[in-house]
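All chains are identified by letter, namely A, B, C and D, in their written order; residue positions are counted from 1 within each chain.
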Amino acid sequence: METQSCVEVKNEWGIVAARQAGRSLSKEIGFGSVDQARITTAISELARNIYLYAKRGEICLELVEKPIKLGLRKGIKIIAKDHGPGIPDIRQVMVDGFTTSGGMGAGLPGVERLMDDFAIDSQKSEGTTVTATKWLR
Amino acid sequence: MEQAVQHLEITYKEIVKTFLHRKSELGLYEAQQFSKVLLEHQISPEELVSVHRAVLEELFPAVPEEVIDSFDLLLEVMMGYGLAYREHQSLRDRQLKLESEIDVAADMQQTLLPKAIPETDCLDIGVISVPAYKMSGDYYHYIKDEQGCVGIAIADIIGKGVPAALCMSMIKYAMDSLPEQPLQPAALLENVNRVVEQNVHDSMFITMMYGSYNTINHEFHYSGAGHEPGFLYRAAEDQFKELCAKGIVLGVSKKPQYREYSKKIEVGDFIVFLSDGVTECQVGDRFIEREEIVTFIRKYMHLSAQELADNVYRELASLQKFTLRDDFTLIIIKRV
Amino acid sequence: MEQAVQHLEITYKEIVKTFLHRKSELGLYEAQQFSKVLLEHQISPEELVSVHRAVLEELFPAVPEEVIDSFDLLLEVMMGYGLAYREHQSLRDRQLKLESEIDVAADMQQTLLPKAIPETDCLDIGVISVPAYKMSGDYYHYIKDEQGCVGIAIADIIGKGVPAALCMSMIKYAMDSLPEQPLQPAALLENVNRVVEQNVHDSMFITMMYGSYNTINHEFHYSGAGHEPGFLYRAAEDQFKELCAKGIVLGVSKKPQYREYSKKIEVGDFIVFLSDGVTECQVGDRFIEREEIVTFIRKYMHLSAQELADNVYRELASLQKFTLRDDFTLIIIKRV
Amino acid sequence: METQSCVEVKNEWGIVAARQAGRSLSKEIGFGSVDQARITTAISELARNIYLYAKRGEICLELVEKPIKLGLRKGIKIIAKDHGPGIPDIRQVMVDGFTTSGGMGAGLPGVERLMDDFAIDSQKSEGTTVTATKWLR
């Protein structure tokens, strides 16, 4: 739970480093190769969003657990934080965002679809924090 | 889900084995059917790539590692399509919801149109009104008063779809709120213009034509607000005349003056009101001419007014392969 | 297109070569970026499979023929996704068109709402009305007459989206066609009911509340038609009371009788009108309680009526993560 | 032009035979493997439609040519004919048909998207004829 590791994102190398960290951790946790690719894609989209629109920020990854009927379920939590311009209309982005439409936050609906839990908090000119979790099945 | 994928892997392995063994079209047909099963189970395409790799590894243990590794890359590229596929699913859900909303609204809109054609001894009236899409921006209405006059209104909102439909409902309420006593065509248009001018968005314009048929002296008085001209068929001369009525479209001017025209209608004559969706029918690269409409009307004019309208619609719709580009309204008023 | 594919094949071959050489995350990142290029060029996924096969054949001439042949099968299964992908593109075009239609209609709908709040010496009025989606089924209106009465109407069409919006426009025209002289709340609802009853689809119901504030004697008369109760804040007791008005929803009965209630309003008191979108706010698995709304109102009631309304909306919207399940309308009428 | 060949479709073997004929002819004409698969898929959808909803009918294939700036362009024309119940509302099917929605004519929008030219003629209780052409680029 305390094993949060963060990667700074300020250029494309940061994106690749965040992807690498995500792929390793998800493999460690026990995700299959398709889910590893999905988690990595989600991280990639979030990191690219930071790089393109906030210039810099960080991606933190965490092994998380929640109790289920028999024991614990493991998962991976991605936290993407920046102090960029913020997303003016979250409703708009989440409803109208198309994979290929481009623009700030365009990848967010895709991230939501790839992960199990998704939350976003954005304040104008204070930045954006996206939290997304995928649980091991 | 994991189980479903495992099960699919076994099925896919069998399909691959049979196909590689016989290389027959049957195997490819099975593959296509399998593809439908995947879509039904909402399996993403990246999942399929992963299954394919696993099957290859099992069937050909000697395959170079690099070939197997290349699937990591294919899978990664396929993720983009996987996202598009997921987006497709949610878009479809949203679209289905929107479409069913529009279905209900279109249904409501139908209730705004008159339910019955006014009955008189001397008139045979037929009407057909078909929206280009589900909701219509065309409107028509009948008013029958105690003095033996039958009023016929046709209106076309410039624009289509939902905004036009919203606007069309306003015309209906504008007509409903008219004073109780019958109005002459010009006065009626002036009244409706006032409501439209006050309530309608600046980007919306409405064309309208209103005619009042006096069933006692068979005079037909009419006025128009920028609307597509109709036709008047003269039985004695066996000729079609244009039924023009000049006037500014509704909603533009605060106090427009509409001119009133009148014609004496004889037995066997008939009046045609239409919206520009009838005349601006596109066939291939060209628009149909008003003369061609007349040809179609002539072809069916021996029938009742309703049959005449229905048949002209059928002909024009079929020419356009049932894809109307504009709302289509055609009213036939025959003196019998 | 052919050229584009050839060009992509060269790019893809480079990506594959680099990746297989180094097996690094960078290669996979490049693959993801490449996937975006493919989507931009609207390349179908079956095309990608074919390119992958061609690249493998070139890079590994020794690969068993059967492995290469297996791609025929993968391509065939991918065709299903190819079809879904094409469908997605056309669905998206249609969706964009539909959405832009609805944007225009929503814009038109905004013009149906009052542009300004009536100005009086003794009242501070604030309002916020936000549709759950683009078009609203909530309606509000003000009427100020020469006798110093300010009328405030709030209505909610049961249902949402396009059909509700169509219906909402009718309420507007029904209000417009009311007789010129001011009506008492009960008589006004009876009048509006007549229009609704005649024009509205059987599946549609409308709830409404109407109140008339007399700015001379500070009496507030109100009647309701099945509408969500409001609140009355009493400054002297520092307490919120329910503002209930019993009555049948509009459009059900031909000749309903509405009861009229009245309250004397003191300085510092305020009236809250709302639609059930305010109270039926869902947070996680539970609905918010009316008491919680009161808590929010209390938190901001030292502010102006408009700021009070805006802040309560912001709090409730944020609780629901900005996804409203119903249209939201809140009106605050403060005696100052 | 005169080389129309027809395959009777009254069971799944007929579907496979029609596919086979389409794949061979399209290969002969010079279509690449992806286009061959597309043409075959279109034929398959049309044949399945016949088999499922009209019980029997036929798929005819033709090499067609049209003049272009420099010489002739070759293509393949598919004609799917049946005397089944017909499609009550073509507009409906063509607009609302989703790939996976099933039902009579559900595959038709897909066929339209796979081919270059597409026409349909259906009369209630007289049957349906679909004509679709793909041109060699």
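To be clear about the criterion, a contact is a pair of C-beta atoms (placed from the backbone, for glycine too) under 8 Å apart; a residue touches a chain by one contact, two chains touch by 3 or more.
For reference, the UniProt names are A, D = Anti-sigma regulatory factor; B, C = PP2C family protein-serine/threonine phosphatase.
Please read all numbers here as calculations on a predicted model, not as lab measurements.
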Check your understanding: Using mean CA coordinates as chain centres, what's the subunit A-subunit B distance in Å?
Key -> 44
Check your understanding: Hey, how far is the Cα centre of subunit B from the one of subunit D, in Å?
Key -> 27
Point to revise | Contacts with 2+ other chains: residues of subunit B | key: 28, 32, 36, 39, 72, 76, 79-80, 84, 87, 92
Check your understanding: Where in subunit A do residues touch two or more other chains at once?
Key -> 41, 98-100
Check your understanding: Think of each chain as a node with edges to the chains it touches; is that a line, ring, star, complete or other?
Key -> other
**Study point:** All chain pairs that touch each other
**Key:** A-B, A-C, B-C, B-D, C-D
Exercise for review: Write out the stretch or stretches of subunit A touching subunit C in their complex.
Suggested key: 12, 15-17, 19-20, 23, 40-41, 44, 90-91, 96, 98-100, 119
Exercise for review: Quick one: which bits of subunit D touch subunit C in the complex? Just the residue numbers, please.
Suggested key: 32-34, 37-38, 41, 98-100, 109-110, 113-114, 137
Exercise for review: Would you pull the subunit C residues touching subunit D in the complex into a rising list?
Suggested key: 1-2, 44, 46-47, 50, 72, 75-76, 79-80, 82-84, 86-87, 90
Revision key, fill the gap. In the complex, the residues of subunit B that touch subunit C are 12, 15-16, 19-20, 23, 27-28, 31-32, 34-36, 38-39, 45, 48-49, 52, 55-56, 59-60, 62-64, 66-67, 69-70, 72-74, 76-81, 84-85, 87-88, 91-92, 94-95, 98, 101-102, 104-105, 107-109, 111-112, 159, 161-163, 165-167, 169-170, 172-174, 176-177, 195, 199-201, 203-204
Check your understanding: Within the complex, which stretch of subunit C touches subunit A?
Key -> 25-26, 28-29, 32, 36, 39-40, 92, 99, 321-323
